[in-house]
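Down below are the structures I want you to see.
The same chain A turns up in both complexes below, where it pairs with chain B and then with chain C.
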Partner chain A sequence: MLQTEQLTINIGPQHPSAHGGLHVEAVLDGEMVTDAIVHLGYVHRSVEKIAENRTYAQYVPYTARLDYLATHLSVMGYVQAVEKLADIEVPERAEYIRVIMGELSRIASHQLCIGSMAIDIGATTGLLYCMRDRERIMDMFEMTSGQRLLSSYMCIGGIAEELPEEFFPAVHSFLQDLPSMIKEYEGLLFGNEILQARLKGIGKLSAQDALSYGVTGPNLRACGVNYDIRKIEPYGIYDRFDFKVPVGSNGDAWDRLMVRKEEIVQSGSIIQQALEQMPEGAVRSKVPRVLKPEKGREVYHRIEGAKGDLGYYIVSDGGEKPYRLHVRAPSFINLMVLPLISIGGLLQDIIVNIATLDPVLGEADR
Partner chain B sequence: MMQKIETIFVDLADWFIVLLQGWGIPLAWADAILLLVQFLGVVAIVLFNITILVWLERKVSGFIQERPGPNRLGPFGILQTIADALKLLTKEDIIPSKTDRWIFRTAPILFMTVSVMLYIVLPLGKDMQVVDLNVGLFFFISLGSLSTIAVLMGGWSSNNKWSLIGAMRSVAQMISYEIPLALSLMGVVMIAGSLRLSDIVAAQGNVWFIILQPIAFLTYFIAATAELNRGPFDMPEAEQELTAGAYTEYSGMRYALFFLAEYTNLVAVSALASTVFLGGWQGPGLPSWLWIIIKTWLVMFVFMWIKWTLPRIRMDHLMAFSWKVLIPVSLFNIVATGFGLYIFKGLGG
Partner chain C sequence: MNTMQTVMEDIQKTWGDQVEVLEDKYFDMIKVPAPILPELFQKLNREHGFNYLANLTAVDYKDRFELVYHIYSMPDNRKLAVKADLDHDNPAAPSAITIWPTADWQERELFDLMGIRFEGHPNLKRILLPDEFEGHPLRKDF
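On to the complex of A and B.
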């Protein structure tokens, strides 16, 4: 019998496919993966601890840096949690604007997921097509808040400012072009046989495993579980919109991607409905400068983030700062299944699995 | 006038010989010196081609990806490659301490040498061939496979796991695709009846071999893409998986040599494709050496187009594709060609 050696390699934290500081220690037998260990903490900024030293309003920009690819959703989860904690009413128009911005963020995040998956398997052009379209969303974010990536546009009690005039034509033309964008991705990426061969049946996650690991978001829906917080526990005004929850069946990398592709379409329809229903009015309610929620009150609020079930747990001790804040970060929990779905596959499949699990390390490490 | 342009390089060589003889140098020596000059000419062609090619690759990829590409240095950024080369030349030459130094140093030189040697047999125009070997095609294929050793040397001596995996992949891939590459050319050899490249070109006087041997052309093209380590078969480099594969530890000019050698190979393989399948230097109107340039660049454009469109195939699919699809298809092509020739000869052709 030929003596062979197992090779331990470190994928990351500095690696082209590390998605910003992910470290996977993989043990290889040739090209086969026999073990994979996920190491986290390279982007740890103790965001949860910082919350204890900031007032509720001061903390808003920190949440934008959690899931920095869908900042509006991260911020939305936090501000809604604080509003729940301090019983703050939000004007109707602000709710709609939040939905629009949140869903735009979701589209941007999914586009980036598709794009980075494409470049991770070597289809460089796919990334640039997705980036080109995502750029239009970033431009819209810039119009509203002057910030492209980390816009803390939402604030406690509403949103910071009314939408500018030029935002509306931009969002309308974006929605109009959305189907053709999807068609382009299908032509360049999803219809490609090499890509299908690389994704179908790879990184299979059973619904049972997904549920017991606590996987949420598109990754869970790809396994065939119809679980979307916007539907089962509508927050904000999500009960007013008519949209479908795309569900996969196999739980493989291909389904994870297809679910995201469908979600882009559904988000587009939500934005369309929101734009039609949006009433006139104020966008921000009167909120005291320094919030002091009741002592001993605690709240857990969760929303459907771009990566999954994004929850904020805040405990108040009656002071102007949170006593304790915890973030249930979907990326962190989703990443935990990476060894499960990667062991037994090839080295190249780890890359596909990381890309289709779509973790954001800013959120996973906090 | 047309005749003058057509034979400009041949005339130049004749003039050179006469000049040397005029200086009292015996003919044999003059021929040897001419050979040296021709070799320098080949190197000049290679370097000139690569300078344009690297720029063109970036421009083409920019065009495909809807971005401008290099556009700062010179008109349309054409001087970008020169600036890059200067940068790589002036970079610190790093050899990691635990490498096998000699092999680490020789690998890029070997790769480049082998790649440049491919040009010796290529007919770059009418009567424009450094050496017209009677086993020209065989020489080309066997030298082409030598580059595998250079990649393996580089990868293994680097003492880096990524490099090792990249090198091993490279060996597996190149050996697997060597076979269909050689087999696909066999059909052409059977029709032309010779391994001499000038004979193969001459045999395409009436009809190009791409028409007689379409399957062979396809298998050649696919196998050549794998031989070149280009996308979708850029397994050994696979920067998204293996950082830079076999070349991870290389920097500065040593890396550049690998890089240049790959492009040298690209030009050579494209030139061979145009020689063997696209009628070589033959064509109406334009001088022969211009025709081969046009054809080669067209083939190279297709290579680029494919690279910038397709994702990378998976390693096991890659091997399966070679052994289960390409090799049977090229074997079938040989059998079919044999039958075709038999029938053709039977008809009195």
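On to the complex of A and C.
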């Protein structure tokens, strides 16, 4: 047999489909991937060390910069963890507003995942449609906090401020248009034969591998495992909503995308229910200006983030700053299976695998 | 189905005084000597359905390091926190990678940022910081 030389190709960190600083060293035999080595750390800002030098309230904006594509969910995990640590009650209305903002974040994140996947494989229009619709969510975020992307709208003990009046017509019209958006994505993207050929059967992950590598979120559910923390271990008020957990069956790139598409619909339904059930009242409870949780207490709190199981581990030494804070970032753990699902495939499929695993590097590198 | 009580009883029966049960508001929590971790994990995984190591991290208490494992059982929806103290001068623990492959990068992260060695890890290299970086930033004396 003719011996050919192995070729190493670096994908990223400076590459549009590297999703913000991911570096994959792909070892190729012809066009076939024989090894894929993931290099992380290009967006490392040592947020865990920073936490040890900030008060609990000062740290909120840093969490918004973890998963900056679903900023409200990142913040929600942190403020709920601190509330657990210091036994702080949150007013009813604030809980509902948190759910609404969190689920809007999830929709925005999934829309961006679908859109960026589309442009990564050459379907530019797909990105534009998704971005157009996501922009309406960004407008709502801007109304509530003045920030489109990195809004630290939630705070320890509730919400920074009551929702503005103009928010309600915007969210109602968005929910009304949601089914037609999905229909448009289906017509433009998912119904496209070329796109299907690029995704179906690509990057297959078995349920067994997904579980042992700790993959969570839509990527795990695409393998057919029904595991959603909102259902399994409801936090906040998630036990009050009626929604389905979409699962796939093959664990391939196509299923990962389909699960996200269905989750957008379910999130829409949760927001609708939250808007109907939401009571009047205060949005913020009284929290001491300087928070000092009891010495020796610790908490591990996890929520269903847009990318998976997002956990915060906080240890208090009785001072005004966390003694230790650790973020269990779903993007970081999910990326561990990238070599596993890419080896044996083609170079072009690595791009599809990165896009459908949907990592956000702000969270993976921390 | 094993209840959490039978799991705890089984652990205490097997390792007796080596297991210290800690009080926590949200978790069943135990502290064990680091050398028994592999056997304990094996038992939890094989016999009690703890199939998901959600979180692995460590805390620097200046005189010792404390490893913390947050382990879940997906089929039974149960959770357990396992802690182990490590020597501050030469922190090392057995790797959990053969039981839960998800420990791979989490152990590399702890090696990188906290300077804890995991024995039996096949590829214990820095993961977030450059290879030539000196020191371990999450240590309190950094």
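Keep this in mind: the second predicted complex is superposed on the first by the 364 of 366 C-alpha atoms of A that agree within 3 Å, B and C clash if a C-alpha of one lies under 4 Å from a C-alpha of the other, contacts with A are read in each partner's own complex, and residues count from 1 in each chain.
Here is the rule we use: contacts are C-beta pairs under 8 Å (C-beta built on N, C-alpha and C of every residue); 3 or more make two chains touch, one makes a residue touch a chain.
All values derive from a computational prediction rather than experimental measurement.
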Who does A:Leu347 touch here: chain B (first), chain C (second), both, or neither?
first
Is A:Arg328 touching anything from chain B or chain C once the two structures are fitted on A? First, second, both or neither.
second
Which partner does A:Tyr235 reach: the first (chain B), the second (chain C), both, or neither?
neither
Mind working out whether A:Arg302 is in touch with chain B, chain C, both or neither, as first, second, both or neither?
second
Contact-wise, after the overlay, does A:Asp365 reach chain B, chain C, both or neither (first, second, both, neither)?
second
For A:Asn192, select first, second, both or neither according to whether it touches chain B, chain C, the two together, or no partner.
first
Now for A:Tyr56: first (chain B), second (chain C), both, or neither, which partner does it touch?
neither
Is A:Ser212 touching the first partner chain B, the second partner chain C, both, or neither of them?
second
Chain A residues touched by both chain B and chain C?
none
Okay, in this complex, where on chain B does chain A touch?
61, 64-67, 161-162, 164-165, 169, 231-232, 234, 238-241, 243, 308-317
Can you list the residues on chain A that touch chain B in the complex?
7-9, 15-17, 28, 31, 118-126, 128-129, 132, 188-189, 192, 194-195, 197-198, 346-349, 351
Chain A - residues contacting chain C, complex
40-41, 44, 46, 48-49, 84, 211-214, 225, 227, 232-233, 297-300, 302, 309, 311, 313, 315, 323-324, 326, 328, 332-333, 335-336, 365-366
Give the list of chain C residues in touch with chain A in this complex.
24-27, 51-55, 57, 59-60, 68, 70, 74, 77, 81, 100-102, 104-106, 109, 113, 127-130, 137-138, 142
